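Going in written order, the chains are labelled A, B, C and D, and every chain counts its residues from 1.
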Amino acid sequence: MHRLKSSNNLIYFFVFGFILFLASNRVDELRVYQGASIAVFVIAIASIILLTGYSGQVSLGHGALLAIGAYSAAVARNEFNVPVVVCFFIAVLSSALGGVLLGAAAARLTGPYLAGVTLALAIGLPSLANQFPILGGEQGLIFDVGFPPLSLGEEFTQYKWFFWISSLAALISMWLLSNILGSRYGRNWRAGRSNEVAAQLAGINTGRSKILAFTISAGVAGLAGALLSMTIGTVSPSAFPLALSFSLLTGAVLSGVTTLSGVMIGAVTLVAIPEIADVIANRIGASERITTNLPGLMVSTLLIITVLFVPHGPVEQHRSRKAKKLVQKKN
Amino acid sequence: MSLEVSQLTIHHGAICAVNDVSFTVKQGELVAVIGSNGAGKTTLLRTLSGLNKATRGSATWKGHNLLHSKPELIVRHGVSHVSEGKAVIPELTVNENLELGAIWRKNKKESVASKSEITSIFPRLGERLNQRADTLSGGERQMLAIGRALMSKPEILLLDEPSLGLAPLVVEQIFQTIRDLTTSMGLTVVLVEQNAMGALKIADSGVVLNLGKVAVSGSATSLIADPQVRAAYLGY
Amino acid sequence: MIQFINTLLIGITAGSIYSLMAIAIVLVWRSTRVINFAQAGMALLSTYFGYEAMVHLNSFWIALPVAMAGGAAVAAFIELVFMRFLLKRSAHGAISGVAPIIATLGLLGVIRALTSSIWGGQDVRIVGPVSNVGYSIGANTLAFSPLKLLILVTVIVLVLLLSLLFQKSSIGLSLRASAFSPEIARLSGIRVDAVRTLGWSLAGASGAVAGMFQTVNGNGSFSPDSIEFSLLLVSGFIAAVIGGLDSLIGAVIGGLVLGLVISFVLMYISSSLFFIAPFVILLIVLFLRPQGIIGAKAARRA
Amino acid sequence: MKAMNRRKLITVSAVLAVASLAVTAVPAQAAEVGVSSTEIKLGMTLPMTGSASPGYNKIPAAVKAYFDYVNANGGINGRKLTLIAKDDEYVPTKAVAKTNELILKDKVMALLAPLGTANNKAVASVVNPGRRGIPVLFVNTGFSGFADKKKYPTTFSVLPSYIMEAKIMSEYIKDNFDGKKLGLIYQDDDFGDDALAGFKQAGVNFAVKVPYASGSQSGTTAAGWIQKLQAGGAEVVILFGVSSATAAALGTAAVMKYAPQWILGSVGGDATTIKAAGVPAGVLYNAVGASFAPATTDTNDEYVKLFQDIYLKANPTQTFDNNVMIGMNSAFLTAQAIQAAGKNPTRKSLIAAIEKSGSTFASAALVPLNYSTTSHIGYNGYWFGKYSPTGDLKPAGGVYTVYTTDSGTGAVVKSTYKRPAMPAKGLPN
């Protein structure tokens, strides 16, 4: 039964990937670039959902984990001339290592303390780049994945290449994650989230389970970080500001932190917001200071509204409403 | 001039904790509410002081509706609740715990008078005024909890399991104090207890709750004499 | 030697400002059991209020109370229309533990974006009421000026006033009782909701003073993306945790420790490490003394 | 049930994604991107808000003022010049995103005076205007690397490089402060590295060197810089940073009663910005500064007079300062380049025009332009002066003594360049 389900999933991921492939050939470059950003956000948001929704831990500092991945990929590429594909694996591994350490700390901390520690990490870690010359200081490192292979044709643009790489990475990681969550580990996490004591009584090592959740989440975040720096070409402290951690958290809350299936909602929203803000600012003829700040305002406002009114995300809301209706029908 | 509870029903989520309960407590009377664990005694008491919300029914004290008010307002009508488990704040001193009870009272002179009255009832509290409450023994803490409730100059005292976790000798002492207070200060007391025998001994009348419903009620002596009550709650 | 003394002096002055921020965090934590990550944002907004008062009335001694009143009002507003609603709504469910944290972050974002769009994201400039030129000892100039003295004295006075309020007045008793046991407080006739709003207001006012002093103590300028703001953002929380989250004295000690650590790292180690230093201190404290330097038994561990 | 839902969700998301991607169809390619029969669009990224923005945020209005002046006089071959400026907050990643918008959404013909070394580098590596043939005119940075035609084939430098500036500054120091203990505050990136390379080339040694990370400049950190300079006993201190860092250093030094001889680099030496940041004009008095354009207070200069008139008419509440003048000068160069690119300018013809005749363009600077088919180097020299009691930079003795050099090992020489007269009405002819 279990096997059947995951192979079914695989087919869906293939179909979805094919649709994306077709789409990438039909739209203009700006959309393709945005598509690549959406794919990166999907991965990053999934890593937060994995942590917060499935294991009940909150990290305000995922930006720092993304940074670890991005920096290690860039250093591997620039210093050791490692092939690009391997760079992405290195990003996953090194962030996962960071995740183990953070997870070990997290297993001893709860709620607000963990939130504060990760917040301090998000603010402090990127500035480390200024300490070690190999990390390129404030202006950072170039992370260049190279031009698309010539076999794809003359017309094949750089951004389409980014889109292909990040979409493929997103599809693979989403498929892996949904399988992990369906496994024993996924069930253990959910058990630990809803009732830690009961889970411990049931023989689940919640401490180890938490560290594992942190590790996997960090690894996925590292991949997102490397992809993000690919799409912006550089890795620098300013690419991972606190605002990034907050936007990712907003994306996760918008998607609904208790389920992976809404992840597109958050990712599309995050990419769409600057676009919408631009339209609004132009429409009302806003000044530069408003134009610059409108996206941030919209992200934060959405975050608050979601936490207040749809705390479990639109997908879960929809499901529970349906479930309620079913119960009412039965009655 | 009495506590009137009629057809009171209280839910905890989907569970009905108190079901259609009615009884009356006359002024100056000490009523024991007894019953086994989970009978709804504590829920009943918490609802009377405004901590829980009722589903149906009514409860009035001297004509004041108790059901749609908040605890901080109900106490201003002379209803004082000592919640379960030595209701003191351990981080505060004995003196501060006592002053807490009178904090809403405007007249500071009267509060000072109340405090000296209470320290004369519980001399041990008087000796330990500047100690933190968590340095007190269990019995002393219970006295402090009652003392705090008395500081608000109540007319009716709602006591939730004052005997819980105390040594038998201390329990006896506490019960005696409650009885004395009722008589000397003219207080009305609703005493929720699992120690049914001890409670009924000092009470004027009693209400027996079973699974949220009133099983029997009547004068304390009649309840002690009731063979069913004896078998179920008094253990002989 | 003079460099060491100056580093010490800079650290103490900065630390006293962080203490105020930590006190604000502690006050909110005590009244609603929420870590208010928006506290620095509220301080920022209040500082802009102070700046407006400065522009129109040109007196620091009017601007400071204006900022405090503004901070108190903003905090009360947030508690009344927002936190109450939120805490009621998010009491249950999978993210009940994280919802308040996320919500205060959202608030921080809203406040930052709003202040940036209203005041343009450029530095506010507030000139202190007294000179910031350091005292001289012989040929050396101390990193300690009349302004820094004023800051230190004001912080000490405020901390004393607050502890007097908490220890000696009935309002203070209400605040403490509501923090330790809201139920007993309510049964004693305390309007706990109003007391919570009061706790938030005090925090807002305290944060406002921190913001105003952080502004004049720097180069007199402050903006949503300045280092000074980021320092307030992390230092308040970290100092509060170092101090045990529940204790005012702890918050003061935590603030001073943090101020000194940052100052010495900045001077003797590296200017790029001074943001990671607070994080390291925080981790060390959490691992060695999870209850904080002045901590009760309150568990912060699972 | 759950599986069913997930299936539906994936389908729905797929449809949504495709729909959102497909909204915009590929538009038909016009003659040249950003050039219509009535308009030519140019795009600029620079910090317009945030801590690095003071001073530089006046540039868009300055460029627009000059463009409007050109447009009011008939435009270039009947086409209006339009500037679209976007705020990158001095953050490279934002510069990349905003440049993408300019190119892909606003479809500008060329980028004009994008600001910042790190920002331009990031844009060059990922947006890659060079590969796409998009001209990047007159980048607002003195990083020597951007003159590398092989690496950045469509990019044109305009400011003298930081290496040149450091070399010329060294010459000035040898002439005036020989034997004094030197201190240096510099930005810890390519901007600063360029400066270090120049000082090294000139053989200047520093007693104290204080690097700062871009974005970390503030009163809090500046206290550390000043203490280090004081401890090292520096008598002459060079501030080779952005305006906000220069202002933080000067302000904090005043508080700590530290008053060495200051030498201000051209990037951060804008007096209006420093004064706006609260540094009293008195602190600037007698500091040494450098510029390649005439002093902004020199209203006898025909360019200063014209640019000031145009700017103040469009922005009556603002002050005419060095950032404004350099911005307007770049706008003036742009207008000439487009004029030279032919009746129907294309990206290619624009680049070719600057390479062919860029060195003959009229400009306000007192230094020659060095464009050719092999060189994308703009100006190559500076004059030095001192700040007046009111904080205005003025040449020593009222005479501009200009030195020129290169970014390599070439010597620093006194320039003999004579600026040609301004074309009529300051319009391209």
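A few points about this structure:
The rule is short, and it goes like this: contacts are C-beta pairs under 8 Å (C-beta built on N, C-alpha and C of every residue); 3 or more make two chains touch, one makes a residue touch a chain.
Please read all numbers here as calculations on a predicted model, not as lab measurements.
Chains touching both chain A and chain D: C.
Between the chain pairs C-D and A-C, more C-beta pairs are in contact across A-C.
Chain closest to the overall centre, judged by the mean of its C-alpha atoms against the mean of all protein C-alpha atoms: C. Separation between the centroids of chain B and chain D, computed from CA atoms only, is 79 Å. Per-chain Cα centroids separate chain A from chain B by 55 Å. Annotation: 39 Å between the Cα-based centres of chain C and chain D. Chain A and chain C have Cα centroids lying 32 Å from one another.
Shared interface positions of chain C, defined as residues touching 2 or more other chains, are 116, 120-121, 271-272. Of all residues in chain D, those touching 2 or more other chains are 49, 89, 213, 216, listed in ascending order.
Touching of two or more other chains is recorded for residues 127, 130, 289, 292-293 of chain A. Pairs of chains in mutual contact: A-C, A-D, B-C, C-D. Within the complex formed with chain B, the chain C residues making contact are 170, 173-174, 176-177, 180-181, 183-192, 296.
Within the complex formed with chain D, the residues of chain A that make contact are 5, 8, 12, 15-16, 19-20, 22-24, 26-33, 35, 38, 127, 130, 137-140, 142, 144, 158, 231-234, 236-239, 241, 261-262, 264-265, 268, 272, 274, 278, 288-289, 291-293, 315, 319. Listing the residues of chain D that touch chain C in their complex gives 49-51, 53-54, 89, 212-213, 216-224, 227, 231, 247-248, 251-252, 254-258, 277-278.
Against chain D, in their complex, chain C makes its touches with residues 3, 6-7, 10, 14, 116, 120-123, 125, 127, 132-134, 136, 141, 143, 145, 217-221, 223, 225-228, 231, 266-267, 271-272. Those residues of chain A whose C-beta lies close enough to touch chain C in the complex are 52-53, 56, 58, 60, 105, 107-113, 115-117, 119-121, 123-125, 127-131, 193-194, 196, 206, 242-243, 246, 249-250, 253, 257-258, 289-290, 292-294, 296-297, 299-301, 303-304, 307-309, 311-312.
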